[in-house]
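Inspection log for the structure reproduced underneath, given as structure tokens.
Letters A, B, C and D name the chains as they come in the text, with residue numbers starting at 1 for each one.
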């Protein structure tokens, strides 16, 4: 699944339809053989991916972490957009943002506990750590503002998180 | 004696050959009078076959509507079940019942529904 | 009019069974990760539950035997006990998930931590079971749970219906997901749709309501209207996640995210209605699952069960229900992730499906029980295909769970 | 599909395992009593096998009968529970003489009230010590 640039997951709310159009015609092969192969091969492949002992595995985990963090950040941003449009209720938005913050914190914690196997991985780690920290602190700010009922601030933080989200997404695509 | 002492017991013919396991015990309501209930259910005979699995599902007693594959599967599974009239039982041991008829002479199980 | 009221049993079971915490989570999660590519599983699940719930209801109506009576009689005490232990355990996880789910909805409405709500929710569930009439119970939660239909409105107003239907024809995972995960989530959706407690509750409810053969039509109406309705609500939840959450890369791990699409499209009023619907549907499911714990145990051992007698006359039944609620609340209070409990409960339910549905199929064919109301050839053919499917699912579940690390 | 089979004197023929065992027992008021966990077979006049066939003299119900049928460790736990909960030191299973049975159909129906039977001992204990202490336990059936 090599993923050239430009095939990334759309990030803006304006992109409701997936960019990558899936071919409408599905071959019999896709329906029958691929699932079967997957069922048979998956256990074998899964056995090969252990803890991040190899740099490539570490990179994969870093990519997956970035991907998960996109989910948390985008949840916060979506909540802030709903707040901006006056379409949400204060308690609901507070909880949604707090949930996103909690998810972000545990994603960050899980990544930090993985041992980077080599120097190159250290660099990768520094790069991602910075993004994760920005995400977590942004979501914390958002939660604090939401709990205080300051939804103008929530909206502001939401806008500022857009670039973090895009960078995380770029990182995820690059290191998928 | 309890019914469960008979169920799943092995049935041995006079040659010591294993006829199978007791799947079920057939009763007929013509025994001693039991007060309100009237005549008791008395043991008429034993339903004996190989492998008891699924013998309680009803596929071996006729009348089941399907599904066709299940019907065929269980009929094949229990099709060679034998019936032993109680008069042919000669002894009851621990988890084993002796009969005085050879395996080959035992009749098939009469259906409970025509 | 009377008939209209009577179909509420089916609607409650459908809303509470189809759209409970398990479905809300599974459908939203699937929509966010796989868009609509797994929508077909909901359709397969609806047909399956319609088929087997109709049989279970017919058996209960004609032979007066609820499902666990049938399981004990046809599978015998040993296999019946294995079935009881497995079903009870899965059902217990489901009760835990539902109680926590109601508490989570209250948190969303109040911003008060869900753990503080759990004891109150557990008490409410028990009090309703203890005091509220069975027929009143099903009518209240059945109709109020219909508020979830606001999710259908949200999808419709989003203008994405056509795009979602097109997505639903893509029967393969998106590029970001693998085939094993695709199948794992398919199994989760099927487990959520066909959860065994639905038939435990539905068939016991038919006995509680004292259905007679003249109610067979009511049984059919319940099943044919109630479950597809639940299916449409499920698809709307999935659809909302597929158009709003998936393109943003959001994966669902909190109940709060499930309400985002409705809030985004319909604003405050829509959100209030949706939260209310979630509360009612999950609360209804909490009642059903807690009662089902008592039904299953009582029917296996032959104890007096049910709300159709005074509580003192069904002491052991009420004791089982009470202990189940207390222990489920205790488990929920350990801060175990309620969403994870939900996911495990539906996947394990999928693995256990043949245990429940096989005896139903056999007895629905037995004239000793059914007289001339045995299955038609058509429903037998379909039911047999489903039986094979359920067995395949049951075999595949645990390996897939290991391979995909529970869908991670 | 045909009618249920009878013998030459009109006595109904059934299979004990299929038509009697594990069925629900209900009392004269329709209340549920327990399951037919086992059947007691008696030889007339203490006769030996081979002579006159045994007849079903009683229904055995409750954990004392279910335990041995389950067998193994689980069976011992069930039987043991029965022994602990029962006042006598070596209790047999609860016995319901066939003389009080009125009908063998979907349910096995009795002519007596369940309160006269040993099998509902635990039910009564739970009622007395737990359920009846909760307010509202007596309220009407629903």
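In this text, contacts are C-beta pairs under 8 Å (C-beta built on N, C-alpha and C of every residue); 3 or more make two chains touch, one makes a residue touch a chain.
Bear in mind the structure is a predicted one, so any value in this text is a computation, not a measurement.
A.B. asks: Comparing the two chain pairs, does C-D have more C-beta contacts than B-C, or is it the other way round?
C.D. replies: Of B-C and C-D, more C-beta pairs in contact link C-D.
A.B. asks: Approximately how many whole Å separate the CA-defined centres of subunit B and subunit C?
C.D. replies: The separation of the two C-alpha centroids amounts to 41 Å.
A.B. asks: Averaging over Cα atoms per chain, report the distance between subunit C and subunit D in Å.
C.D. replies: So the centroids are 34 Å from each other.
A.B. asks: How many Å are there between the centre of subunit A and the centre of subunit D, using C-alpha atoms for each centre?
C.D. replies: Centre separation, subunit A to subunit D: 61 Å.
A.B. asks: Could you grab the centroid distance between subunit B and subunit D? Build each centroid from C-alpha atoms only and quote it in angstrom.
C.D. replies: Centres of subunit B and subunit D (C-alpha means) sit 22 Å apart.
A.B. asks: Where does subunit B touch two or more other chains at once, residue-wise?
C.D. replies: Each of 56, 58, 63, 113 in subunit B touches at least two other chains.
A.B. asks: Do you know which subunit D residues sit against two or more other chains?
C.D. replies: Residues 1, 69.
A.B. asks: Quick one: which chain pairs are touching?
C.D. replies: All touching pairs, sorted by chain label, are A-C, B-C, B-D, C-D.
A.B. asks: Can you tell me which positions in subunit B touch subunit C when the two form their complex?
C.D. replies: Residues in contact with subunit C: 56-59, 63-70, 113.
A.B. asks: Report the residues of subunit C in contact with subunit B in the complex, numbered from low to high.
C.D. replies: Contacts found on subunit C: 73-76, 361-362, 365-368, 374-375, 377, 380-381, 383-384, 387.
A.B. asks: For the complex, give me every residue of subunit C touching subunit A.
C.D. replies: Listed in rising order, the residues are 35, 107-111, 160, 163, 166, 169-172, 174-176, 178-180, 182-183, 243-251, 253-254, 256-257, 259-260, 263-264, 266-268, 271-272, 275, 396, 399, 402-404.
A.B. asks: Please name which positions on subunit D make contact with subunit C in the complex.
C.D. replies: Result: residues 1, 19, 22-25, 31-35, 37, 61, 66, 69-71, 74, 106-107, 122-124, 126-127, 130-132, 134, 136-142 of subunit D touch subunit C.
A.B. asks: Within their complex, state which residues of subunit A touch subunit C.
C.D. replies: 1, 3, 7, 9-11, 13, 15-18, 20, 22, 24, 26, 30-31, 34-35, 37-39, 42-43, 46, 67-68, 70-71, 74-75, 77-79, 81-82, 85-92, 94-96, 99-100, 103, 147, 169
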